[in-house]
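Below, each structure is written out as structure tokens.
Presented sequentially are two complexes of subunit A, the first with subunit B as partner and the second with subunit C.
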Partner chain A sequence: MLVYALTAGVLFGLFYSLVGLGLNLVFGVLRMVNLAHGQFVMLGGFAAYLAYVRLGWHPLVTMVVAAALFLGIGYLLYPLFAPRLAASTDPEMISLVFFFGVAEMIQALAVIGFGNNQRSIYAPVFGAAPVRLLGERFPAAWVVSGGVSLLALLAVYLYLYRSRLGYATRAVMASREEALVSGLSVGRISALAFGIGLALAAAGGVLSPFLLGGVNPGVGVGLTMTAFAVVVLGSLGNPLGTVLGGLIYGVSLMLMQSYLSEWTNLLPYLLLLVVLLVRPSGLLGRGVRHA
Partner chain B sequence: MPRVWSGAAVLVVVLALCLVLPQLYANQFLFFDLMVYLALAQGVNILYGFTGYLPFGYVGFFGTGAYGMSLAVLKLHLPPVPAVLAGGVAAVVLGLVLAPLLRLSGAYFAIASLAASQAVYYVVANPSLTGVTRGPYGISLARVYHPSQSYLVMVGVLGLTLAAVLYLRRSRRGMVLQAIRDDPQSAAMAGVNVVRERVLAWLASALIAGLVGGVFAWQISVFYPATVFDLSTSIMAIVFTLFGGTGTLLGPVLGVTVLFGLYNVIGVSEPQYFQLIYGALIVLLVLFLPGGAASLLKRRGIDVL
Partner chain C sequence: MRMRRLIGWRMAAGAALLGMGALVAGCGTSAAPTAKAPTQITVGTLYAGSGAFATSSLPEYQGLQFWAQQVNAKGGAFVKAYNKRIKVKIVAYNDQSSATTATTLYTQLITQNKVNLLVADFGSVLTSVAVPIAREHKTVLFDITGTGASFFTPNNKYIVLTSLPTSGVWPESLAGFLLHKGIKRVAILYLTNDFDQSQATTLASRLKAGGVTPVYDHGVPTSTSSYNVLIHAMAQSKPDAVIELGYPNNDIAFLQALASSGQHFNMVFTVFPGQLLSLLQKNVGAKGLAYTYTYPTPPLLAYNKVNYGLSLSQFTKAFQAQTHTGVNFLTIAGYNAGLVIQKTLDTAKSLRQSDLRQAVAGFSGKIFTLDGRFRINSEGAQVGETLPVGQLVPTTKGLQMVVVYPAKVKTGSSVYPAP
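Moving on to the complex of A and B:
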């Protein structure tokens, strides 16, 4: 049972890392908490469902298409809101309220467009036979989702640490002002980062019906909170920390489900509160008031 | 007219309307809900308008008040009015437990308070605690059900809340809180006890939500954890406050009157359309009118209370 919980925890952890990474990237570059992140994940879930039921697309095909689409949407939307928010008196707080409004709109539109019902996808689309890992049997969809998440995480790593643009992105994360002074096109890099954040949300969303049992318009709030817990666990603004945070979260989730299943719902919230209160320094000191 | 008197006039007019309107239009539940949101919006206003902390999880205090009141009736056999006070006390105790959250800034606080309210909800609704809170099966207070008395008590709680905001609008303490909001370092330099003032505002706002939750439980008398810990309660209170204008007495009153009216026209049967409208309203407000509707009047030189 322990081996099963730990392995399943790693598979789920990779998925939660993917969901958290988009939120963290947007925060690191824009200094804004995208409170609508979970709602974008939810849209990815509906994309997977609709593409499978209406068009017969394999979820992995949907994933590539949805990620590309969201990348474009994010890149184009960025100039419409970000400069205005950045110019306000308290950008951090104002942008939080702004994304909160966006989240409400997306959720309302999802209810209007897709209805309030839980939608799930026929799971054996990834292969009917369970996969054996370390002597335990897991649904193929879990293993494929874990593997695909790992590939996506690797792709983001290569972008951030092995490409010119990624190098510039990290420069903006380190100091927006100095990046501006050095002549980097901070606006374009930020727009791209916002697009990538949404693309990661969509990619995670496409996998979500398989790991979470389905998708409905109400899952967004919980996913945003979980993503935030994962990000804070790792430390905000640090992409590699998010992977660690996701793995810790996934493993503790599975351990809770195996040994204390009635209290599983509490986990993301308790984890978030404990980390924020006990180790706010894990946030690189940014979460703490200095007065 | 001296400014204190104009404030008192607002208070008297609002309370008188709450007492008279149900006689003219017989829908007591509608006016009760209106008062619930008037009070909750002012509770959010005390915290966000005067200290800058945005409590997404404000409903946690509301639900705690409702459960505190119910358990005081069911376990301690208190009469309803002292039980409502017990609900307020329960919310203040939760506020004390969560006071360390005030160490967090801006977005962190907002999200942490949301997490805290969800944590309280999952504890209260947990099937393992059925013996204490009746878990997910809900509470029934049929024995003490008395809609007209609970309506009057709600008018009292609303009066208390409006008086508290009026006090903050017109007192040294309100100015101190706003100074802390705008620049905590300078306020501390000027000899303000920053931590104490913040915690007091936090507890006052928790007390209001707890009392409102207690009266709400009494009024509806049968409810489930999901009824009183519904996140959309916090969200609506916040949206009403932001729409009207924070840091004023009249702003939230205006916001609740306009938007709650709108909600009752379209929101009850088709909540998703109302959600879409207020989502869009928030986005537009933040981008084009961050001070809320009250700032339109201020811009024309009219002093809003």
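Moving on to the complex of A and C:
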């Protein structure tokens, strides 16, 4: 049972890393917590469901299309709201309220558009037979989701650490003012980061029906909370920390479900509190952030 | 002279007293007919327009609305207290599946809207907050599906459960079936809320009384959506029967996880396929539900003896014609609550809450609706209905519900172990 819980935890952890990474990237570059992140994940879930049921698209195809679409939407939306929020007296607080409103609006529209019912995709779309890993049998959808999440995380890593745009993005994350002085196009980089954040949310969302048993308009709030816990666990503003945070969260969740199932709900908040008290900067943080 | 005056005074006083008595008596007899009847009877309720309970709450609310439309089409509900028909108006607010929001809104219905009758939202979670509020304001709570056993206590007269037995009673037949089948290894997975936990407690205790100790008996939070690890943990205990007690979204996630896990159990039981079959089938597929067990409820279970309101076939036809949506148990439960309210108005001597409650006690056990016999005990808990055990058997026409236990209502034999 321990091996099963640990392996399942890693697979789930990769998924939560993917979901959390988008939130962290947006925070790192924009210094804004996107409280509507879970709702974008939820939209990705509905995209997977509708594309599969109405168009017969395989979820992996939907994932590529949805990620590209959300990347474009995020890139185009950024100039419409970010400069106004940044110009306010308290951008961080105003952006919290702004994204809270966006979250509520998306959820309300989703209820109108998709209804309240849970929607799920017939799981054997990734293969009818369970996959053997370390001697244990896991649903094929989990293994595929874990693998795809890993690839997406790798892609973000390569973008951030092996590309010129990625270097520029990290420069903005380190100091927006210095990046501006250096002549970097901070607005364009930020818009791209916001787009990538939404693309990652959509990609995670497409996988969510397979890992979370389905999607409904109400799942966004919980997903934002979990993503936030994962991000803080690793370190706010540090993408690699999010991967570590996601893995710790996933493994802890599965261990709790296996051995102390009644207490599972407590986990994200417990981890959050422990990290905030013991290491406020997160596990991979270098110091307390002064935003 | 003095004596005559005294007699005169006494006669005058006596006449005055007689006159006052007559006046008082006259007031007593003439007050009811002259008391002004309200222009409408207000029924206050909440519904979950979004969130975890919307799936169940909205059809229930739709059923109640349908009842009001039916009654108003006939000129209103007959109100005995005023000896006339009065139109019914439903005052409803959206609690968005939040018990906190519901708390404020229930209070608002009683204190601001001053509704004549109060109806709870779906399920135990959203009803739990209404119970103390209704009791505090001495207002009868018509509880449609909030079956948490803790709501019904000897010192709370202000609650009436209209559609289902208290959840603690639900698994009686299930426990009987497991013992009757001689199934020794039973795994129970339940949500840690009033509704599911009370079922799990009863089931475990009945099984233990029958000499069977569950090999797995664990609770999980109501928000649980990932079940594979839990299924794996249950499989380690090698159960013959797996009983999952959840809400609709949990049942969907559980059955999905089971289908993809590669695990097979001889018997699998979930709660909501018996109430929301089309929703479950849409998400899990007929294959995922094949040979699983559930509690069948109308329309999967037909009660033919109906002496109040529409029969099942009449309701189905009228409801679909009016709303263009399908019928499930929760629409029936909403309509059934309306019927109980209708009968209450029909028999209560006034609209005072104590008289309303007394009226319900008066017709308890005497009406048979499309939802079965309506009978409550002294605590307001429904005891007229029982929940049998049914199995979903695949046929060429799709899934068919076969009632397998108890013997007096069974329509076929169970397929055990499941293929």
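Criterion: the second predicted complex is superposed on the first by the 279 of 291 C-alpha atoms of A that agree within 3 Å, B and C clash if a C-alpha of one lies under 4 Å from a C-alpha of the other, contacts with A are read in each partner's own complex, and residues count from 1 in each chain.
The rule is short, and it goes like this: contacts are C-beta pairs under 8 Å (C-beta built on N, C-alpha and C of every residue); 3 or more make two chains touch, one makes a residue touch a chain.
From a predicted model like this one, the values you see are computed outputs, not experimental measurements.
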{"item": "Subunit C versus subunit B on the shared subunit A, clash or fit after superposition", "value": "clash"}
{"item": "Partner chain(s) touched by A:V33 [first = subunit B, second = subunit C, both, neither]", "value": "first"}
{"item": "Touched partner set for A:F12, first subunit B, second subunit C, both or neither", "value": "second"}
{"item": "Partner chain in contact with A:A108 - subunit B first, subunit C second, else both or neither", "value": "both"}
{"item": "Touching partner for A:N265 - first (subunit B), second (subunit C), both, neither", "value": "both"}
{"item": "Which superposed partner A:G72 touches (first subunit B, second subunit C, both, neither)", "value": "neither"}
{"item": "Which of subunit B and subunit C A:L211 touches, first, second, both or neither", "value": "second"}
{"item": "Which of subunit B and subunit C A:G147 touches, first, second, both or neither", "value": "neither"}
{"item": "Contacts of A:F81 with subunit B and subunit C, given as first, second, both or neither", "value": "first"}
{"item": "Identified clashing stretch of subunit B versus subunit C [205-213, 223-231 or 277-285]", "value": "223-231"}
{"item": "Shared contact residues on subunit A - subunit B and subunit C", "value": "107-108, 111, 262, 265"}
{"item": "Contact footprint of subunit B on subunit A as seen in their complex", "value": "33, 35, 81, 84-85, 88-90, 92-94, 96-98, 100-109, 111-112, 221, 225, 228-229, 262-263, 265-266, 268-270, 272-273, 276-277, 280, 283, 287-291"}
{"item": "Contact footprint of subunit A on subunit B as seen in their complex", "value": "52, 54, 56, 100-101, 103-108, 110-112, 114-116, 118-119, 122-123, 126-128, 184-185, 187-188, 194, 231, 235, 242, 272-273, 275-276, 278-283, 285-287, 290"}
{"item": "Of subunit A, residues touching subunit C in the complex", "value": "1, 4-5, 8, 12, 107-108, 111, 116-120, 122-124, 129-130, 136-142, 211-214, 216-219, 222, 253-254, 257-258, 261-262, 264-265"}
{"item": "Subunit C residues touching subunit A - in the complex, by the definition given at the top", "value": "48-52, 54-55, 58, 97, 192, 218-221, 223-230, 232-233, 236, 248-249, 252-254, 256-257, 259-262, 279, 282-285"}
